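Same chain, two partners: chain A is paired with chain B first, then with chain C.
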Partner chain A sequence: MGDGGNFLIVIALLPFIGALLPGLMIRAGRTACAIFTALPTALALTLVLILAPAVMRGEVIQAELEWLPQLGLSASFFLDGLGLLFAGMILGVGLLITLYARFYLSGEDPMGQFYTFLLLFQGAMLGIVLSDNILLLLIFWELTSLSSFLLIGYWKHLPEGRQGARIALAVTGGGGLAMIGGLLILGNIAGSYNLTDILRQGDAIRASEWYHLALVLILLGAFTKSAQFPFHFWLPHAMAAPTPVSAYLHSATMVKAGVFLMARMWPVLAGTEAWFYIVSTTGLITMILGAAIALFKDDLKALLAYSTVSHLGLLTMLLGFGTKLAAIVAVFHIINHLTFKAALFMTAGIIDHEAHTRDIKRLGGLRHLMPVTFVIGTIGALSMAGIPLFNGFLTKEMMLEEAAHTVWAGSHLALPVLATLGALLSVAYSFRFISHVFLGPVRDDYPHKPHDPPFGMWAAPALLVVLVIVIGILPAAIAGPLVAVAGGAVIGGGELPYYSLKIWHGITPALFMSVIAVAGGAIVLWLHRPLDRVWITAPRPEAKVIFDRLIAGSVTISRAITEGTHNGAISRYLAIFVVTSVLLGALAFAGGGLGAPTRELLPVPPIFAVGWIMLIVATLLVATLHRQRFQALVLIGIIGLMVSAGFVYLSAPDLALTQISVETVTIMLLLLALHFLPKTTPVESPVSLRLRDAVIAMTAGGGVAGLAYAFLLRDVGTISDYHLANSYEGGGGTNVVNVILVDFRGYDTYGEIIVLGIAGLIIFALMEALLDGPAARRLRNTDYSQNRSRDRHPLMMVVATRVMMPIAVVVGIYIFLRGHNQPGGGFVSGLVIAVALLMQYMASGFAWTQTRQRIEYHTMIGWGVIIAGLTGAGAWLAGKPFLTSSFTYVHLPPIEEFELATAMLFDLGVFLTVLGAVMLMLYSLSRIARYAGETVNVEPMDYDPADTIQVTKEEG
Partner chain B sequence: MIEAALLFASGCYGLALLLNLWRISFGPDLADRILALDTMVINVIAILVLYGIWKGTAIYFEAAMLVAMVGFVSTVAYCRFLLRGDIIE
Partner chain C sequence: MEVLVATAIGVLTAGGVYLLLRLRTFPVILGLALLSYAVNVFLFASGRFAIDMPPILSKYDTTSYTDPLPQALVLTAIVISFGMTAVLVMVALGAFLVADSDRIDGDDGDADDEGAAR
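Right after this comes the complex of A and B.
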């Protein structure tokens, strides 16, 4: 990658970096803002011009940055003739539009925002034409859809603007989705996502059985973007955008993206029957339809929009012909259309700006009031009509010439006749633009007395029409080299076919067709009034209505699905979820089949059978007695105990310990909440529903049991062997469970402690909100204190818990320290210490314990996450991935040699988070009581033998 | 000899567990159920110790001790709930 390559990357980045400027510079004034928008554009344009000579010599400049090589995605760019043409257009017109918008936008419009969007769009568009990787191209393609959405909806207060933006996004975004599929298929066929590789494999791609699918999908993307029939309807609605946007996006750049893609893919996709019939027919229909509608549009911008649709159809048709000559004509017409159409849009904007209307029926006679605008508009429109001496004429002639030689479905006449019809209509609406706006008598009922705008506003269109004339008169000298190099890039190298860019080709069929078109166009314009009446009364499908119905229909369907499944009842969610899982499981089971068991059933020790019976009986009892909430909690205790015992039996003592601690904490949480809740669950659903749920539950439970049984009887390769083998070498610990938690799956653990911390904080926040609301009032007005024992903080219990406290803490620290090599770890020890602290809360009450708490639980959670995160990040310092642990052995007399592992620091984070989260949850729940009007006791116990006076302080 | 003693003892504790289950299921009182659950924890601790003797490893003793340390807390919580309603006052 030489200098040129570096330049390319800078060019691609400049608009995006530049997009940061306008928003800031608007504080320095509107002109400064415009200048700082023009600056990155001008810089990028200069760089393109520096590269241009090399490209004109036929070189292709390339640059590549690896991005995600595993996906075949690299940030690679290249600049060939076609890219040069488009990059020049995008940046050059971008500069003109920046100037024009400076004068067009009024004081109320947020200009900084506008220029930011404009530069974002410019960057996306440049990305499309410079990308050498189709995945990258797709990203930029979607970016143009998004940024154009922002630009079209720039006037947020206008409903048409918002609707137009939505329609444009839906249509072009939908096409983009189809294109993703098409380009991925293309990449798969070619074996590379690099455009330059793909372009070399045209024959292989056309021969592939996937060719037709890829072609249709890619064309869907191109047709939606370039507003081809039947997707043309979004473009006129996008005209609600400010005129600079219309001139930039909807004449010069975005709508040309589809044409660009077709031109880019031309060497690969064109040349087949499918391509010819799909592309050229679509283009032909679009060309005629767009021209016909344009003729009857009274809105100046709508007229130009449909004319753009028509010209895009023309380009599509030319590319569809599949001949090299037609492709080169298309390239030339891209240049010509850009010059006159952007000028015309700007003219329409000037008229709208000055006369405060763009309704053709309310205009006329403007040539006297706006002479400069009249000259510019007339030149543009004459070029659009294809009148000699203007550049539109050249390409129209060449197009007609091509059409005259092309056979469509065996007919020699069809294409020439229809193409002439298109040209005729195009002449008619162009003439209408001139005569109905500028000619005729001066009126006295304009909404605003029009006059020519300041120089800054007409400078840009004036420059463009100068190009129209210069190219029109000296085509070969001015545009010839660019057409040759861009056309050469489209047809994929090789000899350029013979063509000549000149005004007079002698007496040719095209000349006759041209004469017919001009004369016919004049006649049609003469008949415009009666024709217009017929057109208005004639019924015709309104694309917008159909689109709206489609959207409304999809909204109805998705609402029906959403509200059908998410009706707010958790029983329904669970039913849907469980039934789906069971069905998927059954499907998987039916598909694969089950091999014969490879293991013998182990003998069942009688004591284990007892545990098994207890589990089943307790489960059944919970299911039947769950409406008696406290009894159900006691029964759950059995299940927890049996599961812990089962873990011990299956050689997982630390799991057993975790299980029993979690069980204890959970029971306490539930009891805390249950105090303020009804003690029984009412029967709410009918018998039929409960029967249905029972059937679902039993099926799912039976399924899971069957699955577990089936797996236990077979040898299945699992990841456990890897963990067992690598635990010591890789993680430096002999306790595999702990090494999995802090090393192999350290990232998961890190995520989980964050989730746990968030859960603790959310419970705190919810309680805070709850206790400020109506729930607090209900709490205050309900009496929860009937039938109470007088033993509030019994002496026995207080003393017992005080004795337990240091023991529990020592055990906790011990379990923590040895965790890496023997059963234990941060999680368990956090729970053990939490239980020890909770005992103090239970024994001496909330207030007494709270005054002795030094560290906020919130802080503890935060430090836990920070320590774990910093430990993980520490691995970066050693140049290793996040959370890679390392360990060493330390010998400190008089202690024996011991191991120090970074995993222990990570475990400390886990410990702190678990402790903080658990304590915060219990603390939050127990605060309910204070709101219910409970008194607190600041003394450690009811009767303190050391102190004979009992003090009870009441707080509200 | 020790084998037979272990078998006999574990049989006794197994039977005790089933009796605990009976008491938890049929009460009649809530206090009966809580007491039976606490007894069940004690019986499980005993079984863990027996299992440790049978396997000849110390790790189960430790597990038994830890279960003992934590296991009674939920009993306390259940009782406080019955007696005072609010377990953390």
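Right after this comes the complex of A and C.
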């Protein structure tokens, strides 16, 4: 990747980085905001121009940043002739639009927002034309849909704007979804998602049996984006956008994305019958239909919108022909259409801005009032009509010439006649634009007296019409090289076919067709008034109505499904979930054959059998006696203890330690919560329902038991040998479980403590929110005194816990320190110390204990995560990956040689987080208790034998 | 031994699922607790069983050890399931305090039994 490649990545990034600027710079004024929008665009354009000479020589500039190579996803870009043409257009017109919008937008419009959206869109569009990876292209493709949604709906207060934006998003987004499928198939056939690789495999792709599906899906994407029939209806509705948006998105860039994609894929997809008939026919229909509707539209922008639809149809048709020459004509017409259509849109915007209306029926005679606008608009419209000396003429002639030589379904006449009809209508609406807006007498009923706008507003369209004329007169000199290199890129290398860009081709069929079109167009315009009446009375399907019905229908269906399945009864969802899981499990069981058992059954010692019986009985009792909530908790405690004992017996001391301490904390928490909850569960569900649930439960249980039994009797390959072999050498510890936690899989543990910390914080936040709302009132008004023990802080317990506290802390520290080599570690010791503290809280009351400890639990969680994270990051200093641990052995004379490992620091983080989270949870619960009217005791115990009897009397 | 553990997992699962399908928050929390036992033991069992072979490396003999990896995974699972239970308890408690009912399907048509507490 050379300099050029680096430039390419910078070009692709510039608009996105630049999008941050306008929002900030709007504070410095509107002009500054516009300048800072133009800056990244201009910079990117400069870089493109620096690369241009190389591309013009035929080089292809490439750049690649690997991202997810396993998925074939990398940020790779390339710039060839076609990319150069489009990048130039996007950035060049982007600059002009920035200038135009500065004057077009009024003071009330949030300009910073507008420019931000504009740059985002520009970046997305640029991404499409520069992407070398089709998955990346897809991402940018969807980004254009999203950013254009923002731009079309920019005037949020206008319902048409919001509606238009929604329609555009639904149609182009839907097409984008289809295209994802198409491009993935394409990538699969080609075996690579790189565009440059795919483009080399045209034959293989056309021969594939998946070709037609891929073609249809990709074309759906292209047709929706480029507003081809029957998806054309979104474009006119998108005209509710501010005119700069229409000029940019709907003449120069976004609607051309579909055309771009077809041109890009042309070497791979074109040339088959399917391509010819689908693409050229769609293009032809769109061209004629768009032109016909445009002729009868009274809204200036609607007229231009439908004419854009028509011209996009023309481009599509040309690409659909499948001949190299037609493809090159299409490339040339892209340039020409851009110049005159953007200028015309800006003209329409100027008229709207000055006369406060875009209704053609209310305009006319503007030639005298707005001479500059008149000149610009007329040149643009004449070019659109295809009048000689303007660039539109050149490509229209070439298009007609191509149509004259193309046979459609065996007919030599169909295409030439229909193409001429399209051209004729095009002439008619172009002439109408001139004569009904500018010509005729000056009226005295304009909503606002129009006059020419300031220079800044007409400068951009003026520049574009200068191009129209220059290209129109000297096509070969001005546009020739660009057309050659871009056309060469479209047809995929090889010889360029012979063509010549000039005004006079001699007496050709196309010339006759042109003459017919111009004359016919003039006649149609002359007959416009009666034709208009016929058009208005004629019944015609309104695409928007159909679209609205479709949307309404799908909303109804979705709602029916949602409300049918999500009726708010969570038990039902859970039942469905369990049953589905069981069925899936059964299906999996039925599918695969089960090999013969490879393991012997282990003998059952009596003590284990006793534990098993206790566990089973306790579980069954929980299920049957769960309505007595306190009893159920006790039974849960038994189950937890039995599970811990099982862990001890089955060589898992670490698990046993953790389970037993977690058990303690959980039961305490549930007990505390139960204080505020009902103590019994009422009988609600009928016997039949309970029976059904029992059947579901037993099926699930039986399935899981069967599965467990099946795999317990069979051996399986394990990766643990690596951990056992490297635990001491690599991790510096003999407790392999602990080494796995803090070293081998330290990243998991790091995530886990963060989750635990978050859980603690969630609980805290939940309590804060609760105690602000109606719950607080309810707590204050409920009398809990009957539930309270008379002897809240029993003497025996206070004394015992206070004696045990230092012992428990020492045990905790001991467990922590030995964790790396013996059972223990951060998790367990955090829990042990939490239990020790919890005992204090239970015995002496929360407030009393709280005043005696000065650590904030939030801070403790924070420190825990930070210490663990920093320890992990410390490995970077040694040039190793995150969380690589290191250790050393230290010998201080009086004590034995001991080990210092960074893993221990990490474990300290784990310890702090666990302790902080557990204590924060308890703290939150006790705050509820305080709200419920629990008093704060000053003394550690209610009854102090050292005091005299009077003190307690006063308290009572 | 394997039979006992497998049946224990099955019974814990069955109990957990049954409680999960109840209509009040507290039994559902208990059900989730039972289910977490079942899942933890199930995961632990995937390392197969060994007696008196804890994965603590010893200098003196080079006998085999039990599979340490499931243990490490289950250890964190135990702690995380505690965090999850705690959050659920708080949510349930909050819901009860706000709505004056601990039904989980939001249908408090028969909240009269709660009326006494008011």
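As a convention for this text, the second predicted complex is superposed on the first by the 883 of 956 C-alpha atoms of A that agree within 3 Å, B and C clash if a C-alpha of one lies under 4 Å from a C-alpha of the other, contacts with A are read in each partner's own complex, and residues count from 1 in each chain.
Please note the rule applied: a residue touches a chain if its C-beta (ideal position, glycine included) is under 8 Å from a C-beta of that chain, and two chains touch if they have at least 3 such contacts.
Given the structure is predicted, the values throughout are model-derived calculations rather than measurements.
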Q: Give one of first, second, both or neither to describe whether A:Pro823 is in contact with chain B, with chain C, with both, or with none.
A: both
Q. Counting residues of chain A in contact, which comes out ahead: chain B or chain C?
A. C
Q: Figure out whether A:Trp535 sits in contact with chain B (first) or chain C (second), or with both, or with neither.
A: neither
(Q) Just checking: does A:Trp155 make contact with chain B only, chain C only, both, or neither of them? Give me first, second, both or neither. (A) neither
Q: Mind working out whether A:Gly701 is in touch with chain B, chain C, both or neither, as first, second, both or neither?
A: second
(Q) After the superposition on A, what does A:Pro653 contact: first (chain B), second (chain C), both or neither? (A) both
Q. Between chain B (first) and chain C (second), which, if any, makes contact with A:Tyr841: first, second, both or neither?
A. first
Q | Which superposed partner A:Leu674 touches (first chain B, second chain C, both, neither) | A | both
Q: Go through the superposed model and pick first if A:Phe512 touches only chain B, second if only chain C, both, or neither.
A: neither
Q.
I'd like to know which partner A:Ile638 touches here: chain B for first, chain C for second, both or neither.
A. first
Q) Both chain B and chain C touch chain A; at which residues? A) 649, 653, 674, 823
Q: State the interface residues of chain A toward chain C in the complex, per the touch definition above.
A: 568-572, 574-575, 578, 599, 601-604, 608-609, 612, 615-616, 619-620, 622-623, 626, 629, 632, 636, 639-640, 643, 646-647, 649-655, 658-659, 662, 665-666, 669-670, 673-674, 676-678, 681-682, 684-685, 693-694, 696-698, 700-702, 704-706, 708-709, 711-713, 715-716, 718-720, 723-724, 727-728, 734-737, 740-741, 745, 748-749, 752, 755-756, 759-760, 762-763, 766-767, 769-770, 773-775, 778-779, 782, 821-823, 827, 831, 914, 917, 921, 924-925, 928
Q | chain A partner contacts - residues on chain C that touch it in the complex | A | 1-27, 29-30, 33-34, 37-38, 40-42, 44-58, 65-69, 71-72, 74-76, 78-80, 82-87, 89-94, 96-98, 100, 102, 104-107, 110, 113-114, 117-118
Q: In the complex, go through chain A and note every residue touching chain B.
A: 606-607, 610-611, 613-614, 617-618, 621, 630-631, 633-635, 637-638, 641, 644-645, 648-649, 653, 656-657, 660-661, 663-664, 667-668, 671-672, 674-675, 784-785, 788-789, 791-793, 797, 804, 807-808, 811, 823, 832, 835, 838-839, 841-842, 845-846, 922, 926, 929, 934, 936-937
Q. Across the complex, what residues on chain B touch chain A?
A. 10-11, 13-14, 17-18, 21, 24-25, 30, 33-34, 37, 40-41, 44, 47-48, 51, 59-60, 62-63, 66-67, 69-71, 73-74, 76-78, 80-81, 83-89
